[in-house]
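Below are two complexes that have chain A in common, paired first with chain B and then with chain C.
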Partner chain A sequence: MDSIKMNRRKLLKLLGAGGALAAAGPLASPAFAARTAGRVVGVGGGFGGATAAKYLKRLQPGLDVTLVEPAREFYTCPFSNLYLGGMRQMEQIVHGYDTLKNRYGIKVVHQYAEDVDGEAHTVRLANGETLPYDKLVLSPGIDIDFEGLEGYDEAAAEKLPHAWKAGDQTRLLRSQLEAMDDGGTFILSAPDNPFRCPPGPYERVSQIAHYFSQHKPRSKILLLDAKDAFSKQGLFMDGWREVYGDMIEWVGLSDDGRVVRVDADSRELESEFGEIHRGDVVNVVPPQKAGAIAHRAGVTNGSGWVPVKPHTFESQQVDDIYVVGDATIAAPMPKSGFCANAQARVTAAAIVAELNGQDPLDPVWTNTCYSVIAPEYGISVAGVYRVIDGEIREVEGSGGVSPRDADAAFRRREAEYAVQWYNAIVQDTWETRGLQKTLT
Partner chain B sequence: MTRIMPRHVIGLSAAALLLFGGQAMAEEPISYEQASLLASTCFACHGTDGRKEGNFAPIAGRPYESLNAQLIAFRNDQVPGTTVMNRLAAGYSEAELEAIALYLSGITDRRRD
Partner chain C sequence: MSRTRSLVTTSWSRRDFLRISGAGAVTLGMMMVSPSLLARSRPWARHDAIMELLDGAEPDTSGVTLELPSVSEDGSNISLTVRVDSAQENGEYVKSIHLFAPDNPNPEIAVFHLTPLSGQAQIATRIRLNESQRVFAVAKLSDGSFRIGSQDARVTVSGCLTDDATYDSSGLMQARVRTPRSLRPGEVGEVLTIINHPMETGFREDADGNTIPRRIIHSFVAELDGETVLRADFHPSLAANPYLRFHVKPNGSGGTLALEWTDDEGETTREEAELSVS
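Coming up: the complex of A and B.
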């Protein structure tokens, strides 16, 4: 009671002092709610697209929102490494669209979007249907750049999985790990920046080390890297040594870690200076680019990714097309599910503001990427981002990684928080339930 | 159907959620929409409107004073044993944390989404 009174008093004082009531248009939200005008189409029902659709409906329930996604069920990349490590089942990382349909009134169309006509404002689906839009949100995630690494094409990926989109590829990699003899060598080849989930390859080898330490303790892990530095490097290396001894060997760019050619049949990787590494199981995390529909829509540039206007994530190249998630150039924000979700919320608000003739809000985005090195060993990197001098920047003094000298209780807590985060973000994105509370 | 955000704010019309930046920050008013956008940065870990319950401290509908004090303490790195909230709260001004606390304190319906 007290707090409400106090807030009221405080707010009235502030309102009196500023008199900015009318200028700020504070009654806009209820007004938006009643309006119906506006058709928004979203392409991609992953972290960015599902969140955008939900928040558009939350902000303006009268909007006509259609979400286009071929899959009826979405497997999250987050926690797919835990499946590889044996800490999760695939059934625990799959999410559907029922609540978004039934409670939010989003039309979910299970089709692949083949083309976008930015002039005509239409999206063409694989079944031939055409969807008109006033605003289009693309969140197609990544495509593997099969031109980017010699010898690595779609057929090669059936032998040397990337498992960088969760689902069948992840199952394939797990089955290869299960079939491998104790004492074998697992090789992961990590790409240069930018790529989906900067800590992902390093969490993956941690999880595979967890699996090996329990079932195949004589096995080795070789991580060949096209970079000399990686996300949470010190923390990962401490953790690997502490938990897995010398099972994991990391070879960076300067030590000839960059893989330039692969031979899928012999499971051989060739480095820049001609060294050949043969693995019993080989996981190629290949170069990547924005999902195909972004290229079709004409929103990508020469880099293969999408330049966006920082305040709204509207394309710099085509009006009324907004792009969020991994497909965008949003550095220093990483290509994470957390950021895709954050960008989608800001962009949904920007679209609603624009449809109602208002200025966009001041964006703020956050990120927290947990990596689970072992069941009781989690680490994190966090960041807060804003538009500063017309660019996306990390707020000075915020963010950063878990302390290097933290104790075991701290690491255990971060592993628990990883699960809590997973449960929360899947609720916020698909309105689905997460996992049980603990990891083991 | 979902309820729209303004109805969660107890006893306050959306109009009343105007705050002014304190201290060194520009004296810009924080509108209801801006407050809800700021607060939405909590949702990826605490669930939509902060309603998710679990290991993290529940935040939806907690009294304004305690939320605000906690956020400011995180910002000043004065909470022993903190893992990530100090790193995150450091990215906001005090006025913004006040706006976030006000928004979250107004979430009266504790029903889980």
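Coming up: the complex of A and C.
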């Protein structure tokens, strides 16, 4: 009985559900702890995939869990903007898989997953190996849609980096910023919804403004946007004015901010109505779609993203394939690392329940997105989500954004919370450490 | 995380329901055979504005394509493209395209009156949706017949998007236009326009709780040397800063394309562009 109780307690804790779920009862079956059968393969070692693998093993240690991820180490997009701003080193946003392997007994396979056969329940790896599964968790994140913006292909991305997957692209953008002369112009082109990390482009220009203000104070930042409204807009614009004066100019959709063509060699961006903007450093955040393996597995729809069943995040199109994170259509939940982590925990619980012949629980997900405008200036948005009338909805009255009229101490505390948030989520996902307590 | 509330107990899933009923398919089947069967096959039938337009005519349900995102994270500005598969020339053309958002406070979105000079019955614009719903497009053809198409659109405000609608009134009625540099004889050119305007619906309240009066651009006309290419009536369900992408097929050697917008206060903006055909 002890082990049963522990499992139940863990599950409840991970769902953040408190005591009310105890009445649901499906975990009271002795079979829950006793069953060991079940092979689960996870593809993608980011916030979604690593979290799912870990919680599957926590909930049912007897499960055979394999995590497929080509990279030996994972660079997080969260805090990669802080690297661009000079507030973090790349070594502080990289995470490995040792604890997941050694402590949880997850098999981590550093291979690229090439294809999925949903009928046969197999994943084919680049080395030719085939992994059979009972349940598959895909957490492939995003791919850049290189068909989505004229002139922006893989070669162009080597000149005008997107840096929307952390790692080499982020380093490339930073080196271009370092090479730029004082007085130069940095341009960021932001895409229409949906895209990974809705506040990301706006935090990024904040961080680059921080770098400029310290090293290249005569430089300018132009943000061309395919939208008329963006995440935490009022808070960002207040912060830009307060901290960086008029360094950052934002041009929205209705002011012809949408970029429709890029010329990588001349570093020129053409707007919808034909205006040409030339930058000294140009960062194109391009249109995006679900990662390649989701398309191979047949779980994407015409939108390029993955429709999922709200309670479990099982694919609506292929049985026994669960998809979490940025690749999914989970709106109003944003495409954030935090959501991927939250979805993965719910999905791990749903898979364990299903393997034990139980119904999935009624889930709750939370999200918090911190954005760091300057070392002592943080802002946030938070939300709580549930399945209501068969679709994911934000719980009315939950969450919210930082107040517009907060004082400097409040902004400083939120910047500190951002660091604590980062340390906590990487601990939960990879059981690795964030390296510093503060940003300065 | 601390804001998470306690859960209520598991709700009845559909699977539970099917399992308990033990005869899922039959039960579901019976639920679907209802008096609304007819309405399901003619989903526009319960919308007065559409029925009024049809005036007893039975529309063809093929040949009208509506494109809009299946999920939108900002209901105040949703891209929409409507296309009617039809010739667009003297004798046989699409006379008008009517867009409806039946669950908006104001179901009419816009009406586009086309001519053979339009060259192609395709319009792109941006609309407002108050909530998730099915959007309809009705086309009236030159022979008096109707076609209808529809598309479901889900609206959800993303957790990372705040509703921070601020409108900058500087530059009101300022337009941007993009026209083709030159066209070959018989070629259909694309015209792109946007005009700065809040399209105030008349449903909003200011900070003191007073209703902000309606003020929208209600009409748009495009003429080529005085002949109508496109005439449009806009309603409050069109998004702020009306955006329009339409087509023109000049006769002969082209001419002057004149575009004119008029709003509720009687303010107008006129833009002209030369279209050369060679």
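Definition applied: the second predicted complex is superposed on the first by the 407 of 440 C-alpha atoms of A that agree within 3 Å, B and C clash if a C-alpha of one lies under 4 Å from a C-alpha of the other, contacts with A are read in each partner's own complex, and residues count from 1 in each chain.
What we mean here is this: a contact is a pair of C-beta atoms (placed from the backbone, for glycine too) under 8 Å apart; a residue touches a chain by one contact, two chains touch by 3 or more.
Since the structure is predicted, the reported quantities are computational estimates derived from the model, not experimental observations.
**Student:** Touching A:215 in the superposition: chain B (first), chain C (second), both, neither?
**Tutor:** It touches nothing on chain B or chain C.
**Student:** Kindly classify A:366 by the partners it touches after superposition: chain B alone (first), chain C alone (second), both, or neither?
**Tutor:** Touch status of A:366: both partners.
**Student:** Would you check which partner chain A:398 touches, where first means chain B only, second means chain C only, and both and neither mean what they say?
**Tutor:** both
**Student:** Could you say whether A:61 touches chain B, chain C, both of them, or neither, answering first, second, both or neither?
**Tutor:** first
**Student:** What is the contact status of A:341 with respect to chain B (first) and chain C (second): first, second, both, or neither?
**Tutor:** first
**Student:** By the touch definition at the top of the document, which applies to A:230: first (chain B), second (chain C), both, or neither?
**Tutor:** second
**Student:** Does the superposition put A:303 against chain B (first), chain C (second), both, or neither?
**Tutor:** The second partner, chain C, only.
**Student:** Please work out whether A:253 is in contact with chain B alone, chain C alone, both, or neither, and reply first, second, both or neither.
**Tutor:** Second partner only.
**Student:** Does the superposition put A:413 against chain B (first), chain C (second), both, or neither?
**Tutor:** Touch status of A:413: first partner only.
**Student:** Can you pull the chain A residues that chain B and chain C both touch?
**Tutor:** Dual-contact residues (chain A): 15, 17-18, 20-21, 24, 26, 361-362, 364, 366, 368, 382-385, 395, 398-399.
**Student:** Quick one: in the complex, what on chain C touches chain A?
**Tutor:** Result: residues 1, 3-11, 13, 15-16, 69-74, 76-77, 154, 156-166, 176-178, 192, 194, 196, 240-241, 243 of chain C touch chain A.
**Student:** So in the complex, the part of chain B that touches chain A is made up of which residues?
**Tutor:** Contact set of chain B toward chain A: 1-2, 4-6, 10-20, 29, 31-34, 36-38, 40-41, 43-48, 52, 54-56, 63-65, 81, 83-84, 87-88, 90-92, 96, 102, 105, 113.
**Student:** Any idea which chain A residues touch chain B in the complex?
**Tutor:** 3-4, 6-8, 11-12, 14-15, 17-18, 20-21, 24-30, 33, 55, 57-59, 61, 103-105, 338, 341-342, 345-346, 349, 353, 361-366, 368, 380, 382-386, 395, 397-400, 402, 410, 413-414, 416-417, 419-421, 423-425, 427-428, 431, 437
**Student:** Sort out for me which residues of chain A touch chain C in the complex.
**Tutor:** Touch residues, chain A against chain C: 15-21, 23-24, 26, 193-194, 197-199, 227-234, 253-254, 256, 272-274, 301-303, 311, 329, 331-334, 336, 359-362, 364, 366-369, 381-385, 391, 393-395, 398-399, 401.
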